[in-house]
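Two complexes come next, and they have one chain in common, chain A, joined by chain B in the first and chain C in the second.
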Partner chain A sequence: MRDSPSEPRLTEAVVAAAAPVAAASGALNGAVAPAEPAFVARRLGVGFWISIVWVGLVILVAVAAGVLPLQDPLAIGDNAPRLGPSTAHLLGTDELGRDLLARVVYGSRTSLIVGFSSIAFGITVGGSLGLIAGYFGGRWDAAINGISTILLAFPVLIFLLTIVTFLGQNLFNVALTLGILSVAPIARIIRANTLAYANREFVLAARALGARSRRILIREILPNVLPSALAFSLVAVAVVIVAEGALSFLGLSVRPPTPTWGGMIAEGGQVLAQDALVALWPALAMFVTVMALNFAGDRLQVYFEVREGGL
Partner chain B sequence: MSGGPLLEVTDLRTHFLTSRGAVRAVDGVSFTLERGRTLGVVGESGSGKTVLARSIMGLLPAHNVKRDGEVVYEGRRLTGLAPSELREIWGAEISMVFQDPMTSLNPVVRIGRQITETMHFHLGLPDREARSRAVELLRSVGIPEPERRLRAYPHELSGGMRQRVTIAIALACGPKLLLADEPTTALDVTVQAQILSLLGRQQRERFMAMILVTHDLGVVAGRTDEIVVMYAGRVVERAPTTVLFSDMRMRYTQALFRSIPRITDPGHRRLQAIGGRPPDLVAPPRGCSFAPRCRYARERCHVEEPPLTDAGPGHAYACWYPAEPGEVAAEAASAAREVAG
Partner chain C sequence: MRFLAARLAQLVVVLFVVSAVSFLLLNHLPGNPVITLLGPAATPEAVRQLTAQLGLDKPAWLRYFIWLGNAFQGNLGSSYVNHQPVLTSIGQRLPVTLELLVLSQIIALALAIPLGILSALRPSQLVDRLSSGAAFGLLSVPGFILAELLVYLFAVRYNLFPATGYVHLTEDPFQNLRSLTLPSLTLGLGSMAVYMRVLRTDMIATLQQDFITMARSKGLPTWWILLRHALRPSTFTLVTVGGLNVGTLIGGAFIVEYIFQVPGLGLLTINSIYARDYLVVTSTTVLVAGGFVVVNLLVDLLYTFLDPRVRSARFAV
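For the complex of A and B:
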């Protein structure tokens, strides 16, 4: 870009002088240099950082829940049921008199563990499969595509019911199930990204230097594919958190009395007419967290998007 | 070290199998390259130069490619080696420099790692040693502040600098043969000469043989020992460089030579382009493949294919009605005199 002789020096000067304005409005850049904006700083934006801070806070509180001055989320009968928010119970209590704040905090543990561990599984397995399918092509590609098509076509709820019924209804099985379900879509995305790089000249150049396929995959292609995969995985975590919530709502996730957001929403749903707050808090917590993850993931995807022309 | 030539290519053929039929990208090429010598491979786009370079290495797609003929490197038949055996040779013995340094460098990997990578797996060098060698290499290819550049990403360097880096990478393990596939085509004209002389200097210092692939006769003129002119996947003329320029016979070589604009040309002179396009390599024309575009073509050219005919030591051409020895050189000289007078 810099070398391009058609690029007027003036543009840079204007942008430098009006940096804050220019960053805020792409229109100005467009007006000065219609062909190519001279310089638009890549920024993640305030929204991204707010989202990350929120997600970080949720994780921190979930991890530190044991040492925080919270009440017992399982203790029944200590308090009156359905108390409104007060200084003693910041978010009030539920039908059984359990502290809602404590339950929302402990409930986040389930959502986060399931969300992150299942996607970690999905990225590891699906990512490897996608890399192999995209790079080697041919039979590998056909086989992996076939498997992922089957996985995608399989009715999700039946799959879940089967696993949960036969293997037991616990955190590990729920995370594993959702992890397996995330393999196919992740594999497809990684495969597509890998394909875009597998025939690039630097891969050929690496081969010409005598690099093995494994080395090319890990050292040449993975660094190109990874950033967008990580960005995507944040969005995927959000999807899984919602899915786990739905499972809890249906009573297919971790068994009560262990608090989960979805389970709490289900419980609150029964007393919705009397006290909407019981369902509101977990729903709000899930809503904000999922939105933050989505937003952060989206911003990252845009941030990592490679614009070849700009290289 | 065996006493024979470094590289011997015999009747090399590479055909790509497509739905339209076999594309004869390289169709029976033979040549020999001695140690430390330079061979120029010249031809226009689509004449099979790049495929030739890749066929020599064996760097071809796995599917729908048919390669025949023999490539013997230091007495070893490369054409018969398994991929794992070839990997030992690639990078360590035979290296390649690609046309566009922007695409042949990994955009998200630092320069340093791209250079040290091969030293790790070919020479088994530990990291620190590889890095200090990388610094030396970068310095020797003329990159200022090599220590700092190791941490740079490709996009932080200019085109010429990038090509210097790819040359450093190719030289990292001390190959005996360097294949340079249009190494200056993607570069600024002002940088081309620098890169070419860098290649020449490295070659002399390392006593390394080189195959310089280009479409520009001007590029190979002063920098090669021998030249092979390719057209439609075949060798149409082959000669030691000085002989070729004084005595070119094949009409295609002549046309290529005439198409170079000369500084002695009068201003506003039209470029002497070669009309038409290279032939379809699936169904090449009968007879001489250049005949449809040749000013001198006669009936026989369209019917019978001219064989590669000897015309002196190391000089051979494939043409029924060749230029007289010295004809083209005289023409250029008289043009130059005209301008001078």
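For the complex of A and C:
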């Protein structure tokens, strides 16, 4: 690929010289990448940005729902039931005459709060456990591995149903339960990533300089593990949104009349023969949001993998 | 052999913890089966009598060990609600769920293998782009949305398959298949997307290897190379993912059974949670968790069949 024979040697020399310094600060790849042909492929693509814009838009609308010119999502009887889309009701009304657009917007709040807060919890707890298991190994690893094996074997839906019924059906409990369930798989992935770095030269160098384990974990390993964790967590948010949807579809998430996408799909399912649009809107909102999160996470994963390949 | 023994020990531990946790957890749920049975208007005397009769007056941990002791003798107790032995109801429901799972996997593999092979044969070409796009879309459709969509298309708009109304296999095999078409399609399409993606990736890697070039240079027909030379070494990840997918699949089966009212383990479990029928839920939970661990053990053993090199590495440990 390269024209002159001297160039590879030069690059190698730069890498060798820069490695101990730059690798510690995580800047190695940025410094060398321009010389690599793989650099051309390092693009997130239009699809990634469309996905991010969509997710950002959904979050923005959910936050601003109170000040937007929306109708009351709970008002029953103001309108005729199952009106088709019109200028007064952009998406029509449901079986009880409630405005579907308002309900879809307010319903997104439940999905987003549960999705993002439970994964924030999962990343914090599972991530720490994974780092500890991967870095210290030995007994820590065996203990954390054993616990996650049991957690993974436990049928998710039964666990969800019992815990949510036990603690009570509200937003906090649903988010907490899904957060706990996300700990084991996240810990597994972070552990695997940590293992890949735990014995690398820059970690050895830091240890030789007398850095303590805590410093090595936070300053050396964490910055390297974080990008793929970010990519994975986007996909995990999508998984949790689907799980919350399934719970509210079964009527076991946040109690009605609070609108949720899953609950709206279940209600729409009852009148599928009369008016399929009632179920279509929340289903579409959920599908597009989940797909956007999946796609963005997928692209990020590929993006960071290429970076690894460039080494 | 040591590997096998370690995995069996792991199975025992998992089953013990899962059964204990679910038993104790369910016991602390608000509401109890006695009230469910007698109704809210029952006299305190009747409640006390039935509680003692069902053995519910003993502390939960003691009841757990009684249940565990009986379970070892093949007695999982009886339902509090209809007094049917739990083993009998599981025996009735398990074949239904298994049939659903098997049908869904047949659908998934029947679609995923040809599509995966065709995509890998010409990566980034039309077939690959279309099927990869479809797979990505399918991965983002939650099972319950796919179920509603299929019901709308095939039961409401065009009356091809029933949305509910399970017919038992022994009654009428044809109607049985018809009643399970939509449920197994819902489950199968989800798995198909996952399988297709991993098979495609592995297959692309295999097709670049020397023995494929060798086979091509011998002038063997492409379909023969694909099926006889390339397929088996490319199924490694597929088998792993298939094993891990069992957990997701069972969760999916529960919801699908609920939506289509298929009387399998899932519907039994969900209804039993609502009725606080602890023994039934604990038993099905243990069964599902055990099934998950056993399937993954089988997957590990299957590796040795797919790649003999694993055997020597594994048994040297």
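Criterion: the second predicted complex is superposed on the first by the 267 of 311 C-alpha atoms of A that agree within 3 Å, B and C clash if a C-alpha of one lies under 4 Å from a C-alpha of the other, contacts with A are read in each partner's own complex, and residues count from 1 in each chain.
The criterion applied here is as follows: a contact is a pair of C-beta atoms (placed from the backbone, for glycine too) under 8 Å apart; a residue touches a chain by one contact, two chains touch by 3 or more.
Model, not experiment: these values are computed from the prediction.
After superposition on chain A, the partners chain B and chain C are accommodated together without colliding. More residues of chain A lie in touch with C than with the remaining chain of the pair chain B and chain C. Within the superposed three-chain model, A:138 lies in touch with chain B and out of touch with chain C [touch as defined at top].
Look at A:223: by the touch rule set out above, it reaches chain B but stays clear of chain C. Once the two complexes are laid over each other on the shared chain, residue contacts for A:200 go to chain B alone; chain C is not touched. In the superposed model, A:215 lies in contact with chain B only, and not with chain C.
Contacts of A:246 after superposition on the shared chain: chain C is touched, whereas chain B is not. Of the two partner chains placed around the shared chain by superposition, neither chain B nor chain C is touched by A:65.
Per the superposed model, the minimal spacing between any CA atom of chain B and any CA atom of chain C is 10 Å.
Counting contacts by the rule stated earlier, no residue of chain A appears in both its interface with chain B and its interface with chain C.
Taken in their complex, chain A has these residues touching chain B: 3, 138, 200-202, 204-212, 215, 219-220, 223-224, 306, 311.
Here chain B touches chain A in the complex through residues 57, 59, 62-63, 86-92, 95-96, 98, 100, 102-109, 113, 117-118, 121-122, 154-155, 158-159, 166, 169-170, going by the rule given at the top. For chain A in complex with chain C, the touching residues are 146, 149-150, 152-158, 161-163, 165-166, 238, 242, 245-246, 249-250, 262, 265-266, 268-269, 272-273, 276, 279, 283, 286-287, 290-291, 294-295, 298. Per the touch definition, chain C reaches chain A in the complex via residues 10, 13-14, 17-18, 21-22, 25-26, 28-30, 136-137, 139-145, 148-149, 151-152, 156, 247, 250-251, 254-255, 258, 269-270, 273, 281, 284-285, 288-289, 292-293.
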